[in-house]
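Got a structure for you, written out below as structure tokens; questions coming shortly.
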């Protein structure tokens, strides 16, 4: 039986690890990246180098994209020599980037018109998780296509969560998840400030919450880094956090959903950008929480 | 070797379970409650019935209080026939109620003047946890006293966290922890609304977050109940949640700590009280999150 | 000396009154509206009926537009048979609609490329003010063009305020002004609720503030209508208020300006839309201020 | 006909001017201040120097108090040699300080028990207005007493507004008025920041709003000073603004009134205190609005 072909488009820190994982698992992988050097190591491991997104894709096959933002996904999909040029009848586009629900809806329509199927499949997890198959995937789209790509997603993740039939629902889940993370950062930062202003040790408070009520990755990992003020190098840039909270509020306006915590976070992130912190980690909103309380800032 | 004597004052849903636990563990327990009937079952199990707080306390012994609010703790401690009347030199008052840091500071001074020691020791956990020794305890106060009461706290809890030497720090940790819980409720309620307004299933989003990033008791238990709109009977009343957020903001004003998330929660809780929801669970602030988004309300 | 020619494009409640005012003042007015009936009365008063925006405009002349939103202004200006088709070298486009600063910047570039000049000139005032020459105008753009259109603006307004050389600055001023109005509505609504919840008479409080510290049109007129709950028919629709606050926040994101009051107002307006109040007056956000305080709602 | 006797208690910047005004108008004035030097100039102008509040007051007469805060008013009224010692049957206490509605209610009860009448009569206006009879007075209490003190209030003010029969209603009006002023400061500061971040001139925007929609003292005077960053010496200290917003929120909690704008202002004022700005003018919250937007701070 021949191997399943997969086009992997977008070979950044996330995509490169995912491509390597697929190669190791025995998929027949074609790779494409806008800046070509990123493909070299993967070609050395057995991937086919594609000259364009269209060239990476097999008609009726599976295309996986992992790109930076709405503009990149739209260009790779609908632009010249894009995914839509080749994928055609029966093909499935597994779109794993964090993009707006609105773009997901538009791309799903474009695919439907071309006879192919668009799946929303954004992920939670850092590059290490991508390279080791430990991502969490939010999945939405047509049932048949979801079943077909199951082996690919199983190779990349430790869990797939089905959000429904409409592809944008996966993106709503992804940006809502990022909103909850940002809210946890702000909440912890406020609590740490309050403890500090009372003369207490925020580290002791962190130990309490992170081992009991909030014994879960976000509070444990983010709480530790907020306390250490470990904001550079960034795990996830503040400007990307600002973008994602912007997507949440944009979706809130489209659906008429008031989101007071998200609104407050948007102001925090705009302040961070205004103060030149775009390239710090998105946890760096904690700097302003502390500064507003008159607490000393890191050098 | 004689058994350690412990006075257990306050036999509500929390205190009664704690007293029973101490009796079963072999402590020599004296019990007192303002409404006397609450002591009957415990006396049947071997406790000594005390006529007043002062009567429950052994000079130089250990007094544990678990009461409803600042006023009750102040009255039981400093009022006529209060704890301070008897405890005296070498005694330790383990104060486990959720009270203001300001009152904790005042009581610590009163004890110091009387030669006794005040420990802040508020707890996280529901009545079931109190009865089964599964509380989490935030502890602060003098090291020697903390060491002495260790066997008592070990009997009542699955973990003790040391917040420092100043007793109010334990109370700051307790109210800050409740603030983080309320913030998690609001955050989840906003995210659930956003998913619902997009036509998605909040239950599927809950499955995603509660099994991955936020796989911890607060998100799992509170998230499930927010989705089920299980707000009555209450596990913890909305009016008590409103009180605790009020304590957070009061402490913020005393220490000049801006707390925007807590401020927003205060407005949510005041709206809940204004709408007659004092006796619902404190998760019921989610009702207004949904109502503001135009989502249908429970019958 | 021949009369100055003016093209008046957009004959809604605002534009029709402005066109009539220009006719009465002796300008040579050509009128255009997408739905043609709106021009009849003005043609009867002496205006020339134009078949398109391009037909209304005289090469090198003055074009005034007063339209509903960004899309309409862009279409009338850049679309087929648009203003840009005819205006050409030396012409001036006086753009009086409330649009985004971003579109104003884009249109200014398009005009510059065509040799014509774009002026941002949005207005404050209701239809009665438009018909009686009592508007207030926020003006921005090249000095020479501003001088040339001065007689036209003088005819339409009781005051022109110069915001600078860059056309979008007039739009920034307009949306910032609307933001301040919305903030005054929210502030008064909160204060009225507080007075009412204390058992007082908000009308007496309104008398105090509107005759002393806040003796100005916004507090006097809006305060009176908020108290009377006179939200229908609308003077300015809630959906338009929501749009303008959206423009403020969008500009805040583009310029990295945190705007906490505007963020809170955005949530109020989204709640209003979610509750089906798009066609009420934009003061109707006061309904939720009162409802959150448990105050009775109008029938 | 003999002159009306008035006891004027509290001779700070406000009270001294008021006493002088009453002397000039021909009232028979007794003066008292805790630090005695403040009375000298007034005694030179004909006032009687009193040794205590009780000594200043004539039985059955009129006592006016103008003091710094709740504690001072309570002490002067109920303390040893206080107003209540002498005032007695038929006397009227005109309480003009900015205090909490809760204290006003308590003092009204104390007076009723003593046969005297308490009137809430807080004022709007700076020391210059106090000295020239140009205050605005918010008045609440029993009708007969209000009628009796009318000549005194007329001498001190350019307008008296009747808020009702319950004395605390005047205090609710006063703190709600201060809340509206603080909200106007924040609103203007946000709008000025937005204009500046767009490259515009906030002064031009100020000219527009302060001459049109918001042509009233607060926007004109405060707007000018915010732009000039004229925060020292203070006209009204930031710590007093923080106190008043605290009174607003405390009243909101007592009456279950959500007040999101006031909550946000409370955080602004706490940040101001945390940053050591207690002695700047209360407009100095604008510093953080600008700083959050990355705008340069004054030297």
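A few remarks follow.
Per-chain numbering from 1; labels A, B, C and D assigned in written order.
In the analysis below, contacts are C-beta pairs under 8 Å (C-beta built on N, C-alpha and C of every residue); 3 or more make two chains touch, one makes a residue touch a chain.
What you see is a predicted model; the values in this text were computed from it and never measured.
Taking the mean of C-alpha positions as each chain's centre, the chain lying farthest from the centre of chain B is C.
Counting C-beta pairs in contact, the pair that comes out ahead of the other among B-C and B-D is B-D. Chain D has its Cα centroid 40 Å from the Cα centroid of chain B. The geometric centre of chain B is 54 Å away from that of chain C, both derived from CA atoms.
Chain contacts: chain D has residues 197, 252, 256-260, 264, 267, 271, 274, 292-294 touching two or more partner chains.
The touching residues of chain B, counted against chain D in their complex, run 246, 249, 252-253, 256-260, 263-264, 266-268, 270-271, 273-274. Those residues of chain B lying in contact with chain C across their complex are 197, 267, 270-271, 274-276, 288, 292-294. Residue ranges of chain A in contact with chain B, taken from their complex: 101, 124, 136, 138, 159, 161-164, 166, 168-169, 172-173, 176-177, 179-181, 183-184, 186-188, 190-191, 193-195, 197-201, 204-205, 207-209, 211-219, 248, 251-252, 255-262, 264, 292-294.
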